[in-house]
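Note that subunit A is present in both complexes that follow, paired respectively with subunit B and with subunit C.
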Partner chain A sequence: MTDLQLLMAGPSASRLLAEFQTPEEMLSAIDALKRESYHDIETFTPYDVPDVDPRLGYRRPKLGLISGIGGLTGLILAYGIQWWANVYSYPVNAGGRPAHAAPAFILATFEGTIVGAAVSAFVALFVWLRYPRPWAPEDEVEGFERSTIDRFWIGIPSFASERDRDHAIDIASRNGALRTVKLGGA
Partner chain B sequence: MIVGFWQQVLASYLFAYIAVLSIVLGAMLQIMISHLSGARWFEGLRPLAVRIVGAMPFVAILALPFLLGVHLLYPWADLARIPPDVRDVVARKHAWLNIPFFIARGVAYLVAWCVIAELIRRRDENDPSMRRISAIGIIVVGLTLTFASFDWVMSLEPSWYSTVYGVYVFAGGILASLALMAFVTYRGMPNRSSSVDPNLPDLRAPESERQKASLGKLIFTFAIFWAYIWFSQYIVIWIGNLPSEVPWYSSRTHTGWVALTVIAVLGQFAIPFLALIGYTAKRRERVLALTGACILFAHVIDNFWLVMPSVFPTSFHVSWTDAAAILLVGGLTIYAARARSAPRSSIA
Partner chain C sequence: MPELPDDGTLSTQILSSNWRPSRWWWPLVALSAALTVLFVVGVTLTVDRGVGEWGNNIPVGWAFGITNFVWWIGIGHAGTFISAFLLLLNQHWRSSINRLAEAMTIFALVNASMFPVLHLGRPWFFYWLVPYPSTMGVWPNFKSSLPWDVAAISTYFLVSLLFWYLGMVPDLATARDLAPGRTRRRIYAIFALGWRGRSVEWHYYRLVYALLAGIATPLVISVHSIVSLDFAIAQLPGWHSTIFPPYFVVGAIYSGLALLLVLMLPVRAVFRLHNVLTDKHLDAVAKLTLMTGTMLAYSYVCEMFGAWYSGDPHEQFAMLLSRPFGPYGVLFWLMTAFNVVTPQIFWSRRMRRSPAALFIAGLLIWVGMWLERFVIIVGSLSQDFLGSSWRDYAPTWVDMSLLFGSVGLFALLYLAFLRWVPFIPLSEVKGQRYEKAREPGDHGTEPERSVA
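Up next, the complex of A and B:
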């Protein structure tokens, strides 16, 4: 289901957002919601709150592995190009130094490794998160931009029934939510 | 070149002394860096670092043998011992490299380190004056350590010089002091409370998980930093290929000494890098303790490699005095650090 469909869909699929002043209140609301078997909770926080990950069952991403493979590729390419140019394609005698001058090759090899690792991590992250995403339904909520400044938001994408959603609103409010916002639906 | 018995003894002693001193100064720099950067992750390690720094006055006294034996150890003290082709170059350095000034500088470095060490030791971490002491202290130690490494080690080959030499010594020192802290804290069976001392914060408790990861990351970072400095010095000399610079490396890479070059680079860079690159590895006590032990061993080899090929440039040479020296200086320093950190009643 796309975001637009979500926004257009009926009450049973409507999305709920709740705003908190502190990460502690947000975490206690997540705990309470999980006790009542709500799933697919998302968080929107201005900085990394490490205690969120185990609560929402996030596993460590494989970004490190991708970045490692990218780095290794950069390493091999950078060394390979230098070897090809200096040893095979156009060997030059520079002050009697060997054509295969490993110490001199290391500098560009190091740079190649960094570029490979950084670019692959950057691209992988964009593909993974389906970036760029200039608009999301949450952006329509007044004050939601404070999730990048000083407020802690949680979102629940869908509910089985309206009663279910109202119960979630209740739980959020009891755990200190400043306000809750219904997105889409009635 | 015939190396006399006393020159051998003093060279062994110097290598052991630099290996130990750089660890103590490395711990001192760590403490000052943590005050200047406001690093909260260092709080748990700080008491241990302060204990290492506590040995400083004793380490200063241990410098006496080679300060008194300058004329036996350093070739520049007797121009007749210098090969004729570089005698002129060394003679021109007389204003800096002469015995009285050498000893005076040495005493000045040692006094400066003792003063800073005691200032740190007598204040607790929340003392507001620690920031000012650290700001001044880090400049003083940075400069004195650089010049001490020029004077005490680099001048063993007085016609050779490298401007990055001081950085090399303190990069190794900081790395080894972190390795020592990791080894002391996490040796023994995993998941038991720190065996060091009940007065120290328990770094094996579950709430110290992040501190453990920080230590792992820092060792990882400084292993890379050390390798970066190692390579910076090597590439400049290799690519320049000048007759005045190259002999320092050719005696270390084209003789039996090359084995130590390999051990130092493996033990202080390649092994820690591969061991600590993983996310979970940095949080595993066994990995931290073993990596720490590996780095400490390589640190001793690295300092041996700095000093000895300057005395025995043509072939690998090891003597019983080398082992005796590292046991003596290392053992006495550990004893001093422990005695000074014990409660007063237990010493008396």
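Up next, the complex of A and C:
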């Protein structure tokens, strides 16, 4: 790791990574760490392990609200454009049909709502996860790439003291960690 | 049933086809590229000389172009049905085939969107269908079905693309981390966006993916309903029917399932994926095919009954005489044989699990669904209200080259997908094995559930 990378890694420079063979070992290590009051834990897994979430206590994001606002915006825009085009700006009298033909406008309005809801949810994900994220400090750890293939990692971002960290290493090893890696820092 | 290997071996097995083409790849690429050339020739002639190169002539103003459009867009529906609708219903078996089905949706939509544009006559002005402020001061007429189609197809394409891509991100990261060579790793890294399987990533991802599935599901219903309105809002006998939206949606899913069978079975055989695409998957797709096929047969009967019960002599003539015994009667009976009779073999469990039977049935239904659209469109147009204006239709070689060429283009895109994209959702397959193992009563280990 170069000095520049260490600097970029910021506060997470002194963190700890522990590698596990199975999700069960990883989960038991999380439980043990939490019993010892290590609360700031993250995991890296090749697939969605649903038992991780309740242990780490993530709050449900306001996705429904964001997507709802997006959908509503799409709805208003789609209906508004149709109204503007066919009623206000350029009304065409075809066979005496009303210029403001709400049933005919429903179809494109429905599609506009869907686009608004879908795109806002997709963009929200990018913002929440700060994508794209081409480099992260973990990438410098040899073998970390197996976190997307077949290995399970726990990361603890920071510690109060070196003793604190050594204790966490001890807990991880007792719960079956294949190895622990100190990432940067003292 | 062959067992799944461990996670590492499974990843290597499935991704290895992305590093090195199978020996079937190049010959198939050559064949589909040849057909694509035919398509390019057809498109070039159509753009250069106009739709006069097609066999369309009054009263048959819509023929191959719209038939191909409805056929291709219908095929896409099975992809969304499998990936989104079955996800919401917690049908875990969908995991092995959902990406194959979603790719089919995307490429079918690429094909479908080209036909109405070519049919415009001046395809270079297609953007006039989009409401944009111009100095001409003219806007599209939203009381016409053409802008509805534009809204429906563009929405469908966009949402399908987002859903397909988002589902793929974790597997693109696996490809990034397993790929041999720096260039490959870099390319996959760009598309993987920086996915590292962080807990927070899974937390948000799971929600957004489920939400997109929920949003894509009504599209399965809405898109082909809107396409069916192109016909149903017209007065023509054989088109002017309220049964059209559900009838078209069912036919769409049915035709897509048929093509999925045609695509899935060779993929399974060539890449030896019998442990991922198991007999259970074939059985489930066959059952869905049987179900949608039966619903379609019911729609055929309803359509005929509605025409008879309406008391309208034109409707009665169109549906009860012209369709079965008119100039396209042979195609009508072929359609009935392919679409109604073929799926009946799937009442047998042995047939549902026989790759050969499934492949042939898929092929027949796929063709049968093209015939259905042709019979509806050309059959109704060629014999409308006024006997003196009846005229039969015959396709030109340009029509033929566009039809077969579009199949080639689809195959070419699909081969590229199989070559460079992780086509089995690895992370989902692995995750489901874990989920299954931790189910109580199973032989797997039950993790500690209490939180200290």
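The criterion applied here is as follows: the second predicted complex is superposed on the first by the 168 of 186 C-alpha atoms of A that agree within 3 Å, B and C clash if a C-alpha of one lies under 4 Å from a C-alpha of the other, contacts with A are read in each partner's own complex, and residues count from 1 in each chain.
Methods note: a contact is a pair of C-beta atoms (placed from the backbone, for glycine too) under 8 Å apart; a residue touches a chain by one contact, two chains touch by 3 or more.
Model, not experiment: these values are computed from the prediction.
More residues of subunit A are touched by C (comparison of subunit B with subunit C).
Of the two partner chains placed by superposition, subunit B and subunit C are both touched by A:Ala104. By the document's definition of touching, of the two partners only subunit C reaches A:Ala121; subunit B does not. Of the two partner chains, neither subunit B nor subunit C is touched by A:Glu140.
Residue overlap on subunit A between the subunit B contacts of one complex and the subunit C contacts of the other covers 60, 64, 97, 104, 107. The touching residues of subunit A, counted against subunit C in their complex, run 23-24, 27-28, 31-32, 34-35, 42-56, 58, 60-61, 63-64, 67, 78, 81-82, 84-86, 89-90, 92, 94, 97, 101, 104-105, 107-108, 110-112, 114-115, 117-119, 121-122, 124-125, 128-129, 131-136, 138, 145-150. Those residues of subunit C that touch subunit A in the complex are listed here as 6-8, 11, 131, 137-143, 147-148, 151-152, 154-155, 158-159, 162, 166, 170, 173-174, 176-178, 189-190, 193-208, 211-212, 215-216, 218-219, 222, 226, 229, 427-428, 430-431, 434-435, 438, 445, 447-452.
For subunit A in complex with subunit B, the touching residues are 60, 64, 95, 97, 103-104, 106-107.
Against subunit A, in their complex, subunit B makes its touches with residues 231, 234-235, 238-239, 241, 279.
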